[in-house]
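This report refers to the structure that appears directly beneath it.
In this document, chain identifiers A, B, C, D and E correspond to the written order of the chains, with residue numbering beginning at 1 in each.
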Amino acid sequence: GCGSETSKNSSSAPQKITYVSMTDAVGLSPILTNDSASSAVIRTVYETLFMRDPKTGEIKPLLAEGYENPDPNTWIIKLKKNIKFQDGTPFNSEAVKYTFEKILDPKTASPRASLLKSVDKIETPDEYTVVLHTKTPYGIMLTALAHDNLSIVSPKADKAGDINKNAKGAGTGPYIFEEWVPGDHITVVKNKDYWGGAPKIDSITFKVVPEMATAVSMVETGEADMLVGIPPEHLERLKNNADVEVTQLQGNSVTYLGFNFEKKPFDNLKVRQAIEHAINRDEYISTLNGLGIRSNGIIGPKLIGYNSEIESHGYKYDVEKAKALLAEAGYPSGFKATLTYGNTDTYNKIAPFIQAQLKKINIDVTLNPMDWAAYLSYAKSGKAEMYLGGWSNVTGDGEELLYPQFFSGNIGASNYARYNNPEADALILKTRETIDQNQRVEYLRQANIKFTDDVLWVPLYHGVVTMAVRKNLKGIELESNGEFRFNKAYKE
Amino acid sequence: MNREILLEVNDLKTYFYTVDGVVPAVDGVSFTISKGETLGIVGESGSGKSVTARSIMRLIPNPPGKIVSGSIKFKDEELLTKKDSEMRMIRGSKIGMIFQDPMTSLNPLFTVGDQIIEALCIHQNIDKKEAKEKAIEALRMVGIPSPEKRINNYPHQMSGGMRQRVMIAMALVCSPDLLIADEPTTALDVTIQAQILDLIKDMKNMLNMSVMIITHDLGVVADIADSVIVMYAGKMMEYGRAFDMFSNPLHPYTKGLLDSIPTLSMEGDRLKSIEGSLPNVTLDYKGCRFADRCSERCEKCFVEEPPLIKVNDSYVRCHKYLNRR
Amino acid sequence: MVKYIFKRLIQLIPVLIGVSIAVFLMIYLIPGNAAEIIAGPTATKEEIQNITVKLGLDKPAYIQYLKYMSGVLKGDLGYSFQTGQAVSKAIAVRYVNTLSLAIFSALISIILGVTTGIIAAAKRNSWFDRLCMGISTFGISAPSFWIGLLLIVVFGVKLKLLPISGFNGKIWTADGFIHLLMPAITLGFGSSAMISRMTRSSLLEIIHQDYIQTARAKGVKEKIVILKHALKNALIPIITIVGINFGGLLGGAVVVESVFAINGIGRLMVQAISARDFPMIQGSVLMVAFTFVIINLIVDILYAAIDPRIQYN
Amino acid sequence: MAESISALKNGEVEIEYKKSSQIKEIWRRLKRNRTAVVGLFIISFIAIIALLAPVISPYNPYEQNLNQRLLGIGARGHILGTDEYGRDLLSRLIYGARLSLIVGFCSVAFGLVFGVLLGLLSGYYKRLDGIIMRIIDILLAFPGVLLALAIVSILGTGIVNVIIAVGIWSIPTIARVVRGTVLYIKEMDYVTAAKALGESDFMILFREILPNCISSIVVYSTMRLATAILSAATLSFLGLGAQPPVAEWGAMASTGRNFIFQAPHLTLLPGFAIILIVYGFNSLGDGLRDALDPNLKNV
Amino acid sequence: MSTSNEVLLEVKDLKKYFPVKKGFISKKVNYVKAVDGVSFTLRKGETLGLVGESGCGKSTTGRTILRLIEPTDGIINFDGENIVSLNKKELRKKRKDMQIIFQDPYSSLNPRLTAGEIIGRAIDVNNLAKGKERERRINELLDIVGLGARFYNRYPNEFSGGQRQRIGIARALACNPKLIVCDEPISALDVSIQAQIINLLQDIQDEFQLTYLFIAHNLAVVKHISDNIAVMYLGKIVEMADKNELFENPHHPYTKALLSAILSPNPKDKKERIKLEGDVPSPMNIPKGCRFYNRCPNKSKICSEVEPELKDMGGGHLTACHNI
């Protein structure tokens, strides 16, 4: 059926939402997936123990009642009572233990097992208490527990079948999984018995529309109700449409130019500084229609660990200075380099810009676009010289960014920079292991300054998240990580 | 013989307007065919024989071809001014036509029966069953064994001779007054050729029709024709009774032709031949078209086109006969 | 005839094996693997390793292939690396959509192409002929994503006449029909242009054949000469091009499927290869190749049905 | 038939005169074909633009000027406006002509090298025919997009790989066309005559048969050029084509599509350019077919 | 015409079966028996005319003798050597001694080459001449066939059919062959041109001591040019004799019918024709017994069972018929 038909219906008719997404979900189990399309669905079906407040960014209990930290290696978590999974089984400490152990089991091969990596033992002293013992202090435990991939699944549903394909009744969330036509759409329907009160929307369809121009057209005609992650070139159009409400919100993603520290001359700080000096970020940001924000730091303004003092760090656009630094570094007449990136629209657009900018200081950049899978492999194996990347932060915590990208233990995996610095490693570990939140934030602040000064990346811009919603659809709040919840949504 | 005139062609000119200029394929041809008469048209390849025949049928592809002038009277009716629909009623019913190559002249995708029945259904107000019977009858008439089976055959299932018989049957089912046969035996073997020529003769007598037969084989003409036209490069060079032409050829070209054919009875080592080949004729061509191959040419032949001259009962287009008159 | 079809189906086996080996080599050669994709850019080494083991990607390449092929011989196309779904099931859904799209657009293109081709040939050098040929050249020349987007902007957004996406896989329902209209036109436009030109040129060629003269000499109406005698003979090249295009429609539908958000096999293939989802790539490529061969078979059978001279051998 | 000069002083002069006269003959026939002339005109026009690109284009096509982004048609200083980086669209279109022609020609040339060889061998040697035709069947049954995707994944994106991908794509069809022609020419008596004279297979294949396949190859290649340019555009759409900042029409039309609402000329103009050049090649191909095929001489 | 007694070509029991693919997994089950046991000898300087209906295997015979088609069986002794047993290389060397002229003047010339090059290629392949000598030779050959050097640089499409046929003859002559197979060299030509070519063929035969196997279906022409004539029917020679003997005293009913079917371009000598019923059977399933049985006007019982052999009926007149 057409969205346009349904949108004309009066309020007595069932309320339906069509949400368009560029890609299809990979799966429906939080344990086995790690992509934003899946996560959008998973958030409607499952819930985590803790959640991040969309406004303040503070971590609040969701399925949990509260927690205690008797010592840095012990987390005692109290659970809310009287919550039932959609399949009727009770939500309790067993379910939490089951879920977490499943994630930790290597045979499960959960892509986000590392979130619980430091967990040593899980105990369930009673029905509504879970105790997590860690090997080393794990300061970001709460942030991790707020991560969608640590949503709690119903053990019964999980044992009964593959909840990755059919998640019926597997969560505690406000919507129940209904149908998945792979490649086409996923439907979830209202959970009348939701512990937080039944949602007003009767069903949500997650529709796959790979072509952005088409997706935008669908929102315009009312065939679809909402769309997030609108690229700048389509923004104006949607904003001008009287039937569509566009929300723009500073996000916590960052788009950057990265270097391979194992390749010369990128191990040279002066060279990196020169490059940062040579790139006119403001100019590029001006093309983004407001969909990017200048911040000099690696940890952006919306992340835990950000402090505005960072704006006095970084290196300003100054071609002469860049040339001078390059000469100092021993490259007075520049050098040749390749810039590798996955050939998505975003990077396809940035790459020529970087190329043009670096030309000015005689760095001759060859563009090396690759398909996404090849790029991942290439970058991981340390073949890239310079690369373009983006980091979208789910938990909103600076640690989630620093550890994978710059911790030496992750070389060969997510540390594309192949940055290996014991000093930095120590600092990164502190940002993970410190239990005292204030202290931890302080470490993050220090790390941000250090890494920014050392130009581990050139942060090109920090993202702005967008959402376009048909005006009659209300109650959806966008979060700075680009996510949103349908709990309070309703149609007028 | 009945001297009632069936077809009268007068000064027919059919030109082709091609990329390479105007080709006067038929350039002033006049003749008559009486009831029961057989007219043979001979000439070299490209001399305009087929175009003459197709002009009578009004089947000249346009573009590039066009009948530029002349008149074609069939049973005292002018064909050239007839509407397309009227012309269609004449084709196939009053005038039947068969083509040179029986291999390509039948539609390969329909059974021979269908193709004959189609001709019947267009011109005669009969139902399918009746038409089928008539078609079988026609096939039997042209000597095809077990026609009730053969009627369901496709052309490729028949030999060349049989296909030509089918063509004849198709041309004759509606008992036309005139049969135009465009090189009906050229593609066939001598023994089969003999069969087909006999068949045409038989049919002609049986149906009392006139025949216009086109060929480049003088033997065929000698065998079947009452009168003959010799064409050369779009022009009628000689026109007269067949017997006269063979015993006393008038035009140097005709003579040349007759001399160049080896006959069984002839002796001697060398054949006489006509040197050279057909000229490339354009509209502003001056003089006799045969002049540069002619053994009896004079200067006049190159500048002035000879008119058609009546010599005895025949017509000839050669300056040689002007003085004699 | 049954024997012939059987024989052709057997001939299909080496082609399919060849295709599957080609796919295998391809996967083997291209950098990146499914585990890395599933793990995502954040993944640690252990996470990647776990997934690699789970998918069996740690085994030597030829073993992976043989294991896969032995499954195929048992009728099991395997499970998607990425989603864990049964490949056969995943393909089935998409295949129906693509096939509906392909058939619908083939119909559109045949009807459009053949009629305009006939008229253009019959009225050669008339304004209609020129117009048809002009439009058809345009049709051949324009990239399909471009036509598709223009159609969306004009008919979907501006005029709000047709829905942009949402084909339900049921072409026989009114809803399915309406949703498939724009995609089918987009896809069919180019091939209708080709068919139109092919019809025109083969008709023009056939019109010069002797048997057409024979038909005319019988007094057959020009309309019937063309529609019956000439067209039937022209059908062979027309069917050939329809067949070729249909094969192309299946493989080339990716673009239209993306533009109109149709959940088809073309898109599936592209997705699968970007995810290095080996079983899914094998399955969908084999399916497309299979269809291609079947289309060829159908085309050959049609040849023989039309032309009595062609025998099954 | 034009009588040639009877008294000959120098044989070579005569050779040249005659060779050119054969080409002249084709040219003459081509000239009468209106669409072909239009096609030829379009292609020459584009080719000249491509050749003179550095001279005639008002700006450097790669020079970004982010202050002047997305100007519309008729903007001051930019007749056809600018793109999302403020690059002059006219200049990019002019340079795009180069790349589109290069992509077209090179990929068809690539396909020709292999296609012609395969076609010749399989047409001439009955024994090889079976194997080669099976390989071609496999290539044909293999979805072209996937092939391109794989090639690009292996070799990386970029214009050269687009050329290779599109080139491989055209091998099977070229091979088939050539094979068909060879099968036909093989039966001609002049090939038998060459055999009777004692020519070797190699000589027969490359000196007797190949030159006579040229006209069908030329005709087909012309049409294939059109397809190649279109395929390249399609690859661009899938993100596999020429990569930015390369000014290639397909890539331009494809990246421009994101601005279809905001600045439709960004996709419309390159789109029209593609249509124009493809139209040109197709018409020329049609015309060449008529001009080179003596059977159709007077039709 | 001077005919020596030296045998140039001896063909013994030549057979050529073309396999026809049929049935499951293309087993070769059926054969077109195009030539099915043909034997004859040709002396130096002699012309043997080969006549017969279309499809009876004349061309196949001609081409198989030159090994342009591989024979299925039989012996071809040419100039004292069995051609059949030569390997590819030896054969290529031998080729210049035996040439062929084709029926179709259009398909027999490479349209991409000039007349001079067509002839030149024949010289090059056999390394007969180089440089100036080569040019001279080409011009000489063009003269011999009556074209002249001014035609050197013309392409085949600029020639008429007769002129093309002359180029074909010049090409065959280029390597000084001993034997020329003329495969219906005049059938496609206009009557007025035919005589030119026949005269030319006779002239060069005299001049270069050539031996011809002259294939045609026009009996009058064959009679004119040949010394001996062989009549073929369905892959076999049914009658062979000196030309005058054959025309005056034909034995085989098929020969008789053939002769009676000749149309004379003289309305006066109309004669009674022998009518043959029916068609030639398909060479794919040749009937048992005499191949001519189904059309024969005076068949007897034995004809349907035993295949008659070619026997000398006296004076070198060979006939294959039971009823003589």
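As a working rule, a residue touches a chain if its C-beta (ideal position, glycine included) is under 8 Å from a C-beta of that chain, and two chains touch if they have at least 3 such contacts.
All values derive from a computational prediction rather than experimental measurement.
Within the contact network of the assembly, the step distance from subunit A to subunit E comes to 2. Among the remaining chains, A is positioned farthest from subunit E, on the basis of C-alpha centroids. Looking at B-E and B-C side by side, the one with more C-beta contacts is B-E. The chain with its C-alpha centre at the largest distance from the centre of subunit B is A. Mean C-alpha positions place subunit A and subunit D at a centre distance of 46 Å. The centroid of the Cα atoms in subunit B and the matching centroid in subunit D are 49 Å apart.
Rounded to whole angstrom units, the spacing between the C-alpha centres of subunit A and subunit C is 38. Our note on geometry: subunit C versus subunit D, Cα centroid distance of 24 Å, whole angstroms. With touch defined as above, residues shared between interfaces to two or more other chains in subunit E number as follows: 160. The residues of subunit A that reach two or more other chains are 213, 371, 373-374, listed in rising order. The set of subunit D residues touching two or more other chains comprises 1, 149, 153, 257, 260-261. Listing the residues of subunit C that touch subunit B in their complex gives 125, 207-211, 213-222, 229, 232-233, 306-309.
Of all the residues in subunit D, the ones that touch subunit C in their complex are 35, 134-135, 137-138, 140-146, 149-150, 153-154, 226, 230, 233-234, 237-238, 250, 253-254, 257, 260-261, 264, 267, 271, 274-276, 278-279, 282-283, 299. Taken together, the subunit C residues at the contact with subunit A in this complex read 30-33, 36-48, 50-51, 53-54, 82-85, 90, 93-94, 149, 152-153, 156-157, 160, 163-166, 175, 258-261, 263, 267-268, 271, 274-276. By the touch rule above, subunit A contacts subunit D in their complex via residues 212-213, 216, 231, 233-234, 236-237, 283-284, 286-287, 343-345, 348-349, 351-353, 355-356, 367-371, 373-374.
Residues 53-54, 160-163, 190-196, 198-199, 202, 217-221, 223-224, 247, 257-258, 260-270, 273, 275-276, 278-280 of subunit E are the ones that touch subunit B when the two sit in their complex.
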